[in-house]
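Below are structures written as structure tokens.
There are two complexes below, and they share subunit A, which is joined by subunit B in the first and by subunit C in the second.
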Partner chain A sequence: MKVNILQWHAVASWTWDAQDETCGICRMAFDGCCPDCKLPGDDCPLIWGACNHAFHLHCILKWVNSQTSQAHCPMCRREWQFKG
Partner chain B sequence: MADSISSVCNLAILDKLSDGSIEEILESYNGFCAATDTLLNGAGDLSVGPQFVSHVHGLCKHGLESLLRDHFLGALERTFEKNGALKFWRHFEAYDDVSVEEEVFYNALEEISLEKQYQEKCLLILVHALQSYNHGSHDSNDYRVELFAKYQMSVSSVLMATLPRHFPEILHWYFKGRLEELSTIMGGDFPHDDDDDDDDKDDMDLDDKCKASYRSGQMEIDECYPQGRFLDNNKLVNNIGKVVRDLRSLGFTSMTEDAYASAIFLFLKAKVHDLAGDDYRISVLESIKGWIQAVPLQFLHALLAYLGDSVSYDSVSSGLKSPLASCPSTFYPGIDTPSEGLVRWQLRLEYFAYETLQDLRITKLFEIIVDYPDSSPAIEDLKQCLEYTGQHSKLVESFISALRYRLLTAGASTNDILHQYVSTIKALRTIDPAGVFLEAVGEPIRDYLRGRKDTIKCIVTMLTDGTGGNPNVSGNTGDSLLEELNRDEENQENAGLDDDFHTDDKQAWINASRWEPDPVEADPLKGSRNRRKVDILGMIVGIIGSKDQLVNEYRVMLAEKLLNKSDYDIDTEIRTLELLKIHFGESSMQKCEIMLNDLIDSKRTNGNIKATITQTSQAGSELGDNGVSMDVFDATIISSNFWPQIQDESLNVPGPVDQLLSDYSKRFNEIKTPRKLLWKKSLGTVKLELQFEDRAVQFVVAPVHAAIIMQFQDQTSWTSKNLAAAIGVPTDILNRRINFWISKGILAESIGADSEDHVFTLMEGMVDSGKNGGTNGSIEDLIVADEEGESSVASVEDQLRKEMTVYEKFILGMLTNFGSMALDRIHNTLKMFCIADPPYDKTLQQLQSFLTGLVSEEKLELRDGMYFLKK
Partner chain C sequence: MVDFARVQKELQECSRDVERSGIKVSPKGDGSLARLIGTIPGPTGTPYEGGTFQIDIALPDAYPFEPPKMKFTTKVWHPNISSQSGAICLDILKDQWSPALTLKTALLSVQALLSAPQPDDPQDAVVAQQYLKDYQTFVGTARYWTETFAKKSSLGIEEKVQKLVEMGFPEGQARTTLEAVGGDENLALEKLCSG
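And now, the complex of A and B:
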């Protein structure tokens, strides 16, 4: 007997490969989305800082824009720089 | 004698009486008595008249007028009792039951009427005598009126005093018989009358004309039925009229009316039952009304017209008429206009017909609602009846008890109950747009459904598609609810338009003037009319209590459905979701929307990955001989946070597939950096073809089935332990899953050396003739493997149980410390102490069902509402 596979439809879930579970700013799951977004994934991406802390892009942008002087990472207080 | 005189005369007069006058009085009195006797018993001989008159004059001279009147009336009464009443009743003695022959009845009436007429003649002689004595001093009519009234009174009292018990029934029976006779004549379907064909035809024309005139809303009774038609043509009505007249003159006015009224009503009732029957697809109200016009009203009309001719009797009997009698004296109609009495009769009859039909329909309301869309004419009828009678509460009570008895039982399936509930809502919405009674009727159904576990599931199935889930359910059920979703959408759009266009004062005024108070039966606690807008979906959701639960259940079902899709075709799901969003609001459907979005994204990503992967690794992944290439591979990529909890079982997929998976996820990682894929290997669908030497069979199965069967390519026999290890699933799950292939006849199971360890062998080439009788050659079977009802998505209850197991240790510890605790206390303690991750956020009901689970697992014991540790 020989088995011919005509179609294999698999199921997977995606995940951001962040070390933490939740965004330090909005406390929402990384695999979810920030409070302003409706759809997770491409529409609400994650961004890593030079300090290797990850946040929702929208969250950290809001934070950075609200700072008058140089913004710091909310987690480690190091100067915030987007990881190249 | 003196004594008797003294009783009527003043004693002073007595002193003045001389012997001579006493002599004269005695002589006159004796003469008077004798003459009275001869007169009354003389069998029509009035020859003693002059003598009688002279005696009367003689007595009157001595002021004994009242004495002689009393004596004469007394004698009349005695004679009537002897000659009239006793003989009259004797006619009926022979009949034990009520079925007196018509002839006997007529004869008896004739006889007693003759007797009475004779006595009246005698009375008239007395009246004349008194008049001639007192000529001029009295108004001559005074005597007449007074004496006849007294006579009439004594006649009826004699008859009433000797009335046999069954006489009213005899009357009733008589009228009933005549009505039936009349009905056959009127109905024209049994023309036993001597009338020729023209007359029958005439009947029909009249009926039609009458119906037509009814529809135009006028009461042209007399126009329809020319006066005198019965009087001229129909002996029957004349007979009846005569009987009624005779009976009235005997003082049976009210009894007679009772009798013919009740006969008419009973007859009408029988007719309504006959017409209404058990067919709910036609409206019967109009034909009942037509029939009332055609038969009983005609009968009454003729009867009243007949009686109206004999005015002289009315004046006699009117004094005796009970104020409660149904026919007031204005009843006798003028010849040309519909009399007030007849109109009143018509109203009475119609009310009675409405009530009868209403009662009939109410008792059958359950059946009517069962075949609702077909039975809407019956519902319309009932609505009209109820508008007329206003007995809605009767409907509510009777329907609720029918529901309890017939629907809300353990034997009824939840789907049926829901279906009936929807039909009930629709039907009662017709009867009562304000929804007051619906509220009362719906309450028990809702209460009952809340107690059923699968209610939510059934509702969601009905909402999304009717045919899915339970094949026993008629497709109607679900369609109707989905329709309702659609309808609701239209309504909301219309409402939106209305708001835009008519916010001006004029519209406000129109709205205000259209306001109507709630019916009196409305429960003031339940809010005003506006809030009670009848909305099927709203009422359905009301069963569950909150829309969140419904949405949750829908999500689970949607997940199940989406995960089993192998193409990315989700058009129907999108449509349903859009409709649900309109009804439940966008935010509550957010997660479902993300799920659908995942599917759309997956389709795009899948195409993208496959396009680029074949370019880059074409040479390296030439997997031709394994038969698994990227071309046949697809994946659904989900945002797991927004999906219901998914039961992921470990599984080692076959090597080539595993290779594909890792290639795929590598490519995904490249495209969507830094996102990664986590495979849920046990989920998905596989379409495969088993190629035997002589045939090929196709299946659509779960990955675990594919993994199992692919192991048999190289090795045709496996023990369950080895096979389980090879595909990486626990043995018990393997044993369950492998049943699929055994049932298809592809594998065979036998007990191996170790009784725990089964041996599975591939049935090469010998299957076709055995189990699948007709499958010869390469017939392609396409079978969905999900037959065991194993769902990949955890049901809501399973999820709850999983979440609750965290607290099991807490609860057991608590009970060790405290010995026994009530449900409330456990709940409160958990709330107080379990604030860390995960915080305790369950409801009392959820806790209770969990504890019940623990009791059934024999970990706990429940006594008098307290939980103990099981020793």
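And now, the complex of A and C:
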């Protein structure tokens, strides 16, 4: 038997694979974006710390840049290191 | 720029379980979300029990990356709170702030501070000295201040005006002063007496 596919309509959904649903800094959904962005996805990615806490990249960068000395994880206060 | 979307969310979440926590946060009323008023009940088993304490909250532009500025507007007798200005000595409101904290968790910490004074790191040296040297007098003074400043009188505004008139103040002046201090007859009396 031979099947001819005349039309193909694919639908996909995505979600960030984080333990929490919301960013602990801006309190917006991880599947949404940080307050400064308009569209979720690759332009407003999540980032994990060595301590395994996740935040919007833009949110944690604002926090790290606002600290004059070593920044700590907002959730667990361990020294903040980006997970390599 | 203050993250007002987050502040809005915080206010909603806080009002959702006000019954359980007793902690209230509301806008000061000038249309801006940068100035707020927090309310905490005095913890049970402390000299602050039964009192309702108001805290003035000012959000800096960088909130939540900088801590909210909080100070008591209700007078309180506590080693870590200035009896003069209401300034609060609490690490999470200074260098231990984290953007994962919220107005509600910060107010909970202030409430916990009422339960657990730290006289070795005082904001008000006089109170701290008294706490360390004469604990019974400290408890008495703290309780008296709670009774005097942190308890809402059950009297209506007309009765309070009447009371002040009976003390010899002109009615108009008694009324405007009462309104200016939000209906607190003790504060009104204090203000009237100081001219």
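Quick note on the criterion: the second predicted complex is superposed on the first by the 80 of 84 C-alpha atoms of A that agree within 3 Å, B and C clash if a C-alpha of one lies under 4 Å from a C-alpha of the other, contacts with A are read in each partner's own complex, and residues count from 1 in each chain.
The definition used in the following text is that a contact is a pair of C-beta atoms (placed from the backbone, for glycine too) under 8 Å apart; a residue touches a chain by one contact, two chains touch by 3 or more.
Source: prediction; values computed, not measured.
K.L.:
Quick check for you: in the superposed arrangement, does A:Ala12 touch first (subunit B), second (subunit C), both or neither?
P.N.:
A:Ala12: touches subunit B, not subunit C.
K.L.:
So which one touches more of the residues on subunit A, subunit B or subunit C?
P.N.:
Answer, by number of touched residues of subunit A: B.
K.L.:
With both complexes overlaid on chain A, does A:Lys38 touch subunit B (first), subunit C (second), both or neither?
P.N.:
first
K.L.:
Per the contact definition in the header, classify A:Thr68: touching subunit B only (first), subunit C only (second), both, or neither.
P.N.:
neither
K.L.:
When the two structures are overlaid on chain A, which partner does A:Arg77 contact: first (subunit B), second (subunit C), both, or neither?
P.N.:
A:Arg77 sits against subunit C, while subunit B stays out of touch.
K.L.:
Identify the partner contact of A:Gly24: answer first if only subunit B is touched, second if only subunit C is, both if each is, neither if none is.
P.N.:
After superposition on chain A, A:Gly24 lies in contact with subunit C alone.
K.L.:
Considering only the contact definition stated at the top, list the common interface residues of subunit A for subunit B and subunit C.
P.N.:
No residue of subunit A touches both subunit B and subunit C.
K.L.:
Applying the document's contact rule, which stretches of subunit C touch subunit A when the two form their complex?
P.N.:
Counting only subunit C, the residues touching subunit A are 3, 5-6, 9-10, 62, 64-66, 98-100.
K.L.:
Across the complex, what residues on subunit A touch subunit B?
P.N.:
1-17, 29, 31-32, 38-42, 46
K.L.:
Would you mind writing out the residues of subunit A in touch with subunit C in their complex?
P.N.:
Residues in contact with subunit C: 24-28, 35, 59, 62-63, 66, 72, 74-75, 77.
K.L.:
For the complex, give me every residue of subunit B touching subunit A.
P.N.:
Against subunit A, subunit B makes touches at 563, 565-566, 590, 593-594, 597, 601, 627-628, 632-643, 657, 660-661, 664-665, 668, 672, 674-681, 683-692, 698, 703, 706, 709-710, 712-713, 716, 762, 764.
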